[in-house]
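A, B, C, D and E are the chain letters, set down in written order, and residue numbers restart from 1 in every chain.
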């Protein structure tokens, strides 16, 4: 049995990946736990059963690494993501500078949501910090941010491409240039307990493979 | 314990929201409790269910419902917009969220108090020439004060802790809509913020404790008072 | 007051059906527990709604199922005094007293607060909270509150039952004087024959939700003389007292009544139990009883093994009660002359 | 029972300090409202704790601040009957009655439920819920419950005050017979002189938290004769009745008492007010009062303007009351012979 | 309305957790209310603060506190581990979370009931030979039943809606610790799941409404009952 703690934004992709893996490995059963990366890290720290941890940012992975709660050699990048601007607005929005024409803009809360932190960095780097002050609506997580865009409560939100792809009403208006923010990385690692679990190890290894990569791509992640 | 200016504005905002939510809800809660206790009408069961909804549903769901209703396309939102009022993503939305979540607790407290009012007092008042609304104002209201007090202290405390619904309808905008729980959430989401989160927790607890005690004191006075 | 009632009301197992018309300033409602007295006054006051029928007070229609009239309680102007005082606990004595007064149209404010405070002797209580009153004081305040509403009808539902004996007789004079001095018609409910006698002129007897009879308190008292622990109560309204040897002499009939506790210069009401009168065939000598009245037997009546004897003297009457063997032995018959001995202390001054 | 009390207790503005020792089977506690009677019995029962001092009941130390003894209430075995019945509302009559009995050690269960149910006439109530009892029935159940706990001392704090007059006199016989038949010492609190007279042999008078005097109810009654609305109450325990003409003849002193309502073949207790006795210097003729007793004046006493006259006949005494002018007129002095007229209906049978 | 097997297991789990939390909390809540109403001890204020904490703090914070205490290094966690009991990440942790969040509501309801018990009844019981614990069991307990009933219905409803604390101490593991609110959260976080989320909301509301009514019926019976 493999217990996996996975950042909530990977939920749909991971569900499919696990499904495919379980078919080819009939003996393996999974216990999936989806929540915010910080919550997951806290749970692992407090001894929650977890063999594999996929974080939505490097910060929480490092936190566990420092505490020797993950098997350091097993840490590697699982997937990459891009920031896009998505919205249901009818205005023509093609670049960061166009954002100043809009009313409200949704981003994740920069302090607690990695996507928000990246979005803020991109805004600062493009010199729009002043122009957009007061227009930014901070959401608890990316999904909430996207929901605002879907409902039209904001004109558009800076979200991950993977999330934007699932939207029904909001379209991707432009991709935020990669030069404006650090690379969005989803690191994966076996926990100390997971390193002793053969099933977990084989799943960890299998995640590198073609089938997993294909599914990730289908959901909009990039894999390098 | 060190608090940043942002924290202070979160504290001030929390207090403002909790007080506003409580003050606004009190008359509505009183009226609702009165309906539940003293009148017989069709759909009473429905009202009961409606009032207790926010108790049962996860706050996030309540937040989502509120957003749907108050938002740009929601029917209340559209209605308010025609008066130039926008609620969503302002502190007023946080007030609405707090009010919705605390309302069942408030109504329950007021009801408990009202149910113990002697019906003969109401009959006496009516037969002395008071129309029903007069009786409501001069007998039921003063005799419900203790229940309203208890209910509003509960509601105030609950407001201070409200997170799930608030963050959805009000957003988490520092200085504008960021209340104590939202600030705590922000701090707690990064590995380095725990100490700050703790400080805010303590502030929050201190606040609600002082309200609880204030109300206990007023309650005692009400009991002993009985105007001369 | 004139009340026309023709109503029906079901309440669980109990049904009330009354069709009657009566008038009078002080009417009693008498009946066993559960006979429907309180239900009836609640119907009259508009606190519960009849199933069908009509209620008229004087010329006003209070309720008519036919004409779809149902005056709300505050418009009926019928003030209630309940068994418990039901004062508003959050208001002081003064605010309680004025509750109805303030809600009364200025044109109809015949009775002024000062007058009631005077009559009910509430002056020293006005500044207090209602929690600090004794049972009797509470009931007096409740009464004052009801009267100050300047009602068209004052309904008192066992206003004295919750009080102990001494308080009860302290309050009765207040009740009377309120009704008399301010001319408010009263409907008075009680289980007590004595209270009925003291309070009313006419009594509706209710049994199982139906009108059993309309009677006078005197008739009721005569019928109940033998079973009542204090017999038949004679009520004497006396005036013109003179004092002698620390006792009071009141002219009554052809002689004087000597009474322990009286008042000079004002009319007083006394109560005298039929059992406190001892009859002699001939004049006895040297007796401790201060009163020895020569009377004529005006009437005899029976009550459950006892004889009621109506004594007459100068147009005034008193009812005495003796056991049947005594009646035979004394050979008492209508028209006979007897001597009635009454102790000076047997008279109780009511007010 | 023997109680040694030496305690101090402050409660807000009020302070209680008592140092006394008394014994007796039926002891009364008399005093104005607020004098500390309830506080005292709460201290004795262990429901509140004295600031300092000692309490001994018979030979058991209930409390001693010196020896750091403070027996918990359940170990003191002092049962209380309060002014309100305080029945457990969630239990039926039967479970209420047996509450204390079940908690009593089997060895100490002298009084059986059947006996109490019989004495207190509770048979028909046993199956009911307590909400469906009248006030008097409730108080009887509360009394039965207290007695069935087989206490060493039964404390009754104004057990009759909340009841109306007729109920009160219905219950007194029960109280008496419980104390007498089951030999439970009682401490009885009341504001009422009559109750004291009926219930106790010895009375502690308390004033402002201090012991004012230890007296007998008879002394108290004599002192209060003039002010009490029913005068001095004579208590007569009579037996051996014969019936004649529907009346009952009880031997008393050198003659018979003729009483309206008696019982053949059992002892009965009657009450007779001092005001119901009329005195004659010489034998009157043809009188409606059935009793005309030749008595000797044994003693005279004063009470606030009235004369109390102790009449003696064959070793039995009765107290009559007359106004002072009557005493002078009749020339009543100790040793004189007088005739006392009493109506057959003046006797009230208590039980 | 279509529910997947996973939804059914979430519903079953929610009921199980809500009932367990309520049943476990009742005696503790009763004891706490008793302490608050009938005894005088030092630190009563502290207890009052402690009980009301979960009302004021955002559930997420409560979740963190619980995680810290019950976790591998927490003092309660270590203690329980020595008996071979692990709470974190099991449905039992969700019970603890629900219990903590609902406890202030429960205690308040029971207290309101207890405060109206006539002290003379307790004195009567003691003087009839009942030691304090006997009085507690045979007088205070039965007379507190109504308050306990009201409190437990509140608590049950609150448990059904508990999200923030539960997701942290118990995780969000389908079939194991995923309760209705967590399942709703999962559905709601993908735009395709709103219909499913709504179905679960309705189930949740239906559940708590039936509990509220059940309790109202029992309450009425208690009132009219009074054993023969």
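We adopt the following convention: contacts are C-beta pairs under 8 Å (C-beta built on N, C-alpha and C of every residue); 3 or more make two chains touch, one makes a residue touch a chain.
On a predicted model such as this, the values are computed, not experimentally measured, just so you know.
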| item | value |
| --- | --- |
| Target subunit C, source subunit B, minimum contact steps | 1 |
| Most distant chain from subunit B by Cα centroid | D |
| For subunit A paired with subunit B, centre-to-centre distance based on mean C-alpha positions, whole Å | 36 |
| Centroid distance [mean C-alpha coordinates] between subunit D and subunit C, Å | 32 |
| Subunit C-subunit E separation of Cα centroids, rounded to whole Å | 59 |
| Subunit E, residues touching no fewer than two other chains | 64 |
| All chain pairs that touch each other | A-B, A-E, B-C, B-E, C-D, D-E |
| Touching residues on subunit C, where the partner in the complex is subunit B | 42, 45-47, 72-74, 76-80, 82, 84, 86, 88-92, 95, 99-100, 103-104, 127-131, 145-146, 149 |
| In the complex, subunit A residues that touch subunit B | 36, 38, 41, 59-60, 63, 104, 109, 111-113, 136-140, 144, 151-153 |
| Interfacial residue positions of subunit E with respect to subunit D in the complex | 118, 120-121, 123-132, 134, 138-139, 142-143, 226-228 |
| List of subunit B residues in touch with subunit E within their complex | 48-49, 52-53, 55-61, 64, 105, 108, 112, 150, 154, 157-158, 160-164, 180-181, 184-185, 188, 197, 201, 204-205, 207-209, 212 |
| Residue ranges of subunit C touching subunit D (in the complex, touch as defined) | 161, 164-166, 229, 231, 245-247, 260, 275-276, 278-282, 284-290, 305-306, 320-327, 329-330, 338, 341, 343-346, 348 |
